[in-house]
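What follows is a single structure, and I will ask about it in a moment.
The chains carry the letters A, B, C, D and E, assigned in the order they are written, with residues numbered from 1 in each.
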Amino acid sequence: MTSLIARLAAGSDARVFAIAGAGSRAAVQDLRLADGVELVDSPRAADVLLVAGALDPRHHDAVRRVHDALPHPRASVRWAGSRDVLVPGAAHVALGTDPSSAIRAAHQALMHGTMPTEPPLLPDEDPAPWRGVGPYGQGGSGMTGGTPYGRPMAELAPDRDGLRLDLLPTRLGPFSSLLPHGLELDLRVSGDILVGVEVAATGLAASATSASLFIRALTEPVSIAELEIGRARDHLRWTADALRLQGLRALSLRALRLGLHAAPGDHRAVERLAADIARTGIYRWSLPAADGARTELLAGARLGPSTRASGVGEDERQADPAYRSLGFAPLLGAGGGAAAAWRLRLAEAVRSLELAGRGGDTRSAVTGAVESPRGRLALGDAPSGRALGLLPTLIEGMEWGDAMATIAALDIDLDELGAVTAGTSAEAAA
Amino acid sequence: MSDLPVSLAFAAFSAVAVVAGIRVFRTDSMVRAAFYLLASFAAVGAIMVLLGAEFLGMVLILMMAGEMLVMAIVMVMYMMNPAGLNPMVMVHQHRTAIAAGAVAFLALAGVGLAGGVPQRPVTNPGAATGDLGRELLGNSMLVFQTAGVTLLGTMVGAIAIAAPRGRFGDADADSQEPALQPDEEPEA
Amino acid sequence: MVDLGPLAIASAVMVAALLAVLGSWLRAARRPSSRTAPERVPFTGGQPPSVHAWSRYHVRYYPMALLFLAFDMEMVFMYPWAVVFVGEGLVAMVEMGMFIGILLLGVLYAWRERAFRWT
Amino acid sequence: MSVALDAALGVAAVGGMLAVGSLALAFADEAAAAAVAGAPLRPRRLLVAPFRRAASALLTATTTTERPDGGGRALAPALLAGLAALAMSMLPLAPGVVPADPSTGFVVFSAAVAFVMIAVFLHGWSPNSTLPLHGAYRFGAVALSFQIPFLLAMLATALPAQSLSLVRIVEAQAPLWNVIREPLGLPIYLIVGLAVGLWGPLNLPDADDLAGGTSAEDSGLARWLWEAARTSMLVAVAALGSAAFLGGYLGPLLPGPVWVALKTALLLAVMAVARHALARARIERFVEVAWVLLVPLALLNVFVSGAFLL
Amino acid sequence: MTTETVIVVGAALFGIGVYGALSQQSFVMLMMGIELMINGALLVLVAMWSRAAGGSPDGQMLAVVFMTVMAVEMSLGFALITSAYRVKRADITEKLRKLKG
């Protein structure tokens, strides 16, 4: 009986909580298509922890905390360029090779009991020891005094509703499925409304280098076909993530599969995907409605589709003679808002594939700035940096789900941000 | 069905009703208090079913599930320390209250035991729901329509009282902070 | 006669499920390395929370909840009405129509007061 | 003795129906997902997948959180599973064949759906963790809004039966199924059914934008039980929906239980497709639509179907 | 299960409710006491209807009215609590008394 259960369990999909360190975001996303591996949103649901890419020492405790949140029996896999001791006992897989067989092997060994579960990495210390001292066993002299069970309780604050209730401080990230990994937000929620937002930390590793196509295009001419295919793939990958957040997992997989190897001939398939997405009612039912002040903020920030969705024709490609020779004109939305940005992104993916088909071997000009899928990219000035600056103003006052959809729509890429800003600081140092 | 299962079920449900009723005031967590009250109501509903009032019993359970969820939600909203993480006792006139409760129990139970209740059991419990329907549309029509108006008044009143914004400006205009200590003057 | 069948079946399933969860907890607690303090920290992405999550939650839909309390009562009247509807005919239709019409005014008022919105 | 035997038989029958229904739902869900994703369907692998998942849950420890409400945390999945069983135990399988037939079966079912609110709220409240807590309160908004349309959609089926017994409701559909007599009833019932089973477009309390919501802190057996209870609830909703609107065991040629299974499977397939083909609703939008659109429509449905009976 | 035993259970619930309504400082807990009193009364009422009144429909009608009263009491009670909390920031009875005027 026991061996039957173990055999059955070993045949189940290995459920993985993945930490996507610097330079591994796309590779981790691709794992969603791997056989026998299922990426989950919470370490409580996982059997195996996958730690991918480079991670700064300041994130090491967070990694250990995530590790300890996995239920026993648990195992971890380190997916990185070189071996390190971040998670002792983790199997090592080189970045660039497929980790899914190592993950499945670890999962099977756990279920068969041939591999012991990993012990906790953090010391067993209570955050703050607490003993009741008051007459009823409470922590302090007042009725709510002290820090019960090692933590204080939230405190009262006024609210726009006129009811003075508790503000719940919440630290989201750095490894939350709701945010790009590496981003930490300090949120204060009153009920389900975010009333205070601060970006607490960004970036994964100081040494991040990115060989991204668009960063390369900053310094050397790149074939337009290549650039536009890259743009379309990026948009499709973004769509896959955003669809997942909205609970449409099957469509998300379809978008990801398309995004993995979209080529100029695929524009019909992307159009069909866009039509199927529209048919789900997502634009009417799921996404927050456009809001005047927020749309205005985005309109001035050169954030690519988010900006063009409000009808502002801001696009660096217009300045490029190579694009002009192809008859390029930016696509524009109307009214702004998340739904318009979604539609525009999909329409741009189609347009990019068409452009790539017509592009031949035309090469882009080096103008000092490139239109990346996220917006205007220049040395020392990444669109994700501008998006992070706007983020608190954009989502303050929103309902939780609306805020998460809005963050997703901004498409923050910390790798790109790190590479562009690291470039400038290196230049400054030189 | 024989009498024994019914008696056993009655004993069990009575125990749940009374114990859960006591636990309502003996737990630190407000959510638990609300759900204990729900358990007490559900047990009373089940006893009603045993008594042949199937419809009334089930509808009581149905109604109370919604009402106690709202009760729990409102409790959490307005009570400091809603989960009872920090134990506390918030009672006044405790002895008087216990005495009053005991007196109420003894008096009512005494009346029930001594009062000589007439024995006219319900004849056809299966027809009870239909009887109630005909009563609603016939003799008690006025009560029924009055209930409608009362509920309308309740809805309008509750929203007008509780809503954050009304035609006369914000509801919290001219409000003030309470004092931190019982005898202090409130903050301006 | 009274049918306690559904209740008995539901109770049996509940008890079995409860025992399963409790047994699973006991098994986990017996493991030597399990349940250190960091293993119990609620997960929001790898940082420990600064406060307990239990707080005075601002339930933004409370006007709707109050509306529900009153409107839900209509069901108590409608169930017995449905049973006798065919027998009573037009009278039943008219009386219930009046009752429901009155109650719908409440929903209409709540809608006008934006009781269903909170963002 | 026979009482105990009856009860044991009842538990086995109800448990078996829920299990088979859950497997059918898993299959339909996977098929719909494959169709939408454009991926191949692997039926053989699929059929053992639920058993594999259960076995792995058995071998995985159930974690606790910092100072949870332990009782509530254990009770929530058990309560939801019990409610699914409660509802399923009143499903008429053939003329005279039903595990239990209380004369107010219809109200019992409604009460079970109302208690789903308690189970989900408790599930999200008890871990003392932010994301589950938000899920719990979200379900408060969803459940308080769907409750009345749900009760009204079901109520219309009691008019022709002149009874609150589910057996009578099926019998009364011999001349005409309720889905034809009151066409608005089934769509409203299905919309609400999705919310009751925390499924697809109305999976708000356990949604991805809360990283799993009320079940974000669950692991091992407790997590599996919650998922199983959720799907069981969905199966029960589909089964009773087929009884209330699609005539239950009524149908030509085939025996009653086969018809029940076919009709339930049809509704489960609709739900599986809805999960992959429809986007999740914003919470505020759902609340407003439920009160301003579904409640009046459900009332209209009651009165129109009543008018045909006069 | 006799009429008398049911009445004793109802009386016990009523007594607990009286205790709660008199002793609790917090508004919502106070309301719970009142609910529990109504709960006991409802049980006695149904017992009488079932065992002593021969199942006359007005007994049921009275029970339905009780339930309606309970819903009205809760809805308005919570609205008042919200309003009191908004204006006086009071959640217990003493605070409201102290801040009168």
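Operating definition for what follows: a residue touches a chain if its C-beta (ideal position, glycine included) is under 8 Å from a C-beta of that chain, and two chains touch if they have at least 3 such contacts.
As the structure is a computational prediction, the values presented were derived from the model and not from experiment.
**Q** Which neighbours does chain B have in common with chain C?
**A** Expected: A, D, E.
**Q** Going by the touch criterion stated earlier, list every chain that contacts chain B and also contacts chain D.
**A** Shared contacts of chain B and chain D: A, C.
**Q** Considering only mean CA positions as chain centres, point out the chain farthest from chain B.
**A** Most remote chain from chain B, centroid-wise, comes out as A.
**Q** Which chains are joined by the largest number of contacting C-beta pairs?
**A** Looking at every pair of chains, the most contacts join B-E.
**Q** Greatest Cα-centroid separation from chain E: which chain?
**A** Chain centre farthest from chain E's centre: A.
**Q** Per-chain C-alpha centres versus the global one: which chain is nearest?
**A** Looking at where each chain's C-alpha mean falls, the closest to the middle is C.
**Q** Measure off the straight-line distance from the CA centroid of chain B to the CA centroid of chain E, and report it in whole Å.
**A** 5
**Q** Need the CA-centroid distance for the pair chain C / chain D, whole Å please.
**A** Chain centres of chain C and chain D, defined by C-alpha means, are spaced 14 Å apart.
**Q** Indicate the whole-number Å distance between the mean C-alpha point of chain D and the mean C-alpha point of chain E.
**A** 33
**Q** Please compute the C-alpha centroid of chain A, do the same for chain E, then give the distance between them in whole Å.
**A** Each chain's C-alpha centroid was found; their separation is 51 Å.
**Q** Among the residues of chain E, pick out those that touch two or more other chains and give their numbers.
**A** Chain E, residues with two or more chain partners: 64, 67-68, 71-72, 74-75, 78-79, 82, 85-86, 89.
**Q** Residue numbers in chain A touching 2 or more other chains?
**A** Those would be 42, 44, 69, 71-72, 148-151, 153, 161-163, 165, 168, 170, 176, 178, 191-192, 399, 402.
**Q** So which bits of chain C are touching at least two other chains?
**A** 2, 7, 28, 31, 34, 37, 39, 41, 43-44, 49, 52-59, 62, 65-77, 79, 82-85, 87, 92, 107, 110, 118-119
**Q** Which pairs of chains touch one another in this structure?
**A** Final set of chain pairs in contact is A-B, A-C, A-D, A-E, B-C, B-D, B-E, C-D, C-E.
**Q** Mind pulling up the chain E residues that touch chain C in the complex?
**A** Interface residues on chain E, with respect to chain C: 64, 67-68, 71-72, 74-75, 78-79, 82.
**Q** Give every residue of chain D touching chain A within the complex, in rising order.
**A** 32-39, 48-49, 51-56, 58-63, 66-67, 130, 134, 137-138, 200-201, 203-204, 207-212, 216-220, 223, 276-285
**Q** Where on chain C is chain D touching in the complex?
**A** Going through chain C, the ones touching chain D are 2-3, 5-15, 17-18, 20-22, 24-25, 27-28, 31, 34-35, 37, 39-44, 49, 52-54, 57, 59, 61, 64-65, 67-68, 71-72, 74-75, 78-79, 82-87, 89-90, 92-93, 96-97, 100, 104, 107, 110-111, 116-119.
**Q** Report the residues of chain A in contact with chain E in the complex, numbered from low to high.
**A** Touching chain E: residues 162-164 of chain A.
**Q** If we count contacts the way the header does, which residues on chain A are in touch with chain B in the complex?
**A** It is residues 132, 136-139, 143-146, 148-149, 153, 161-163, 165 of chain A that touch chain B.
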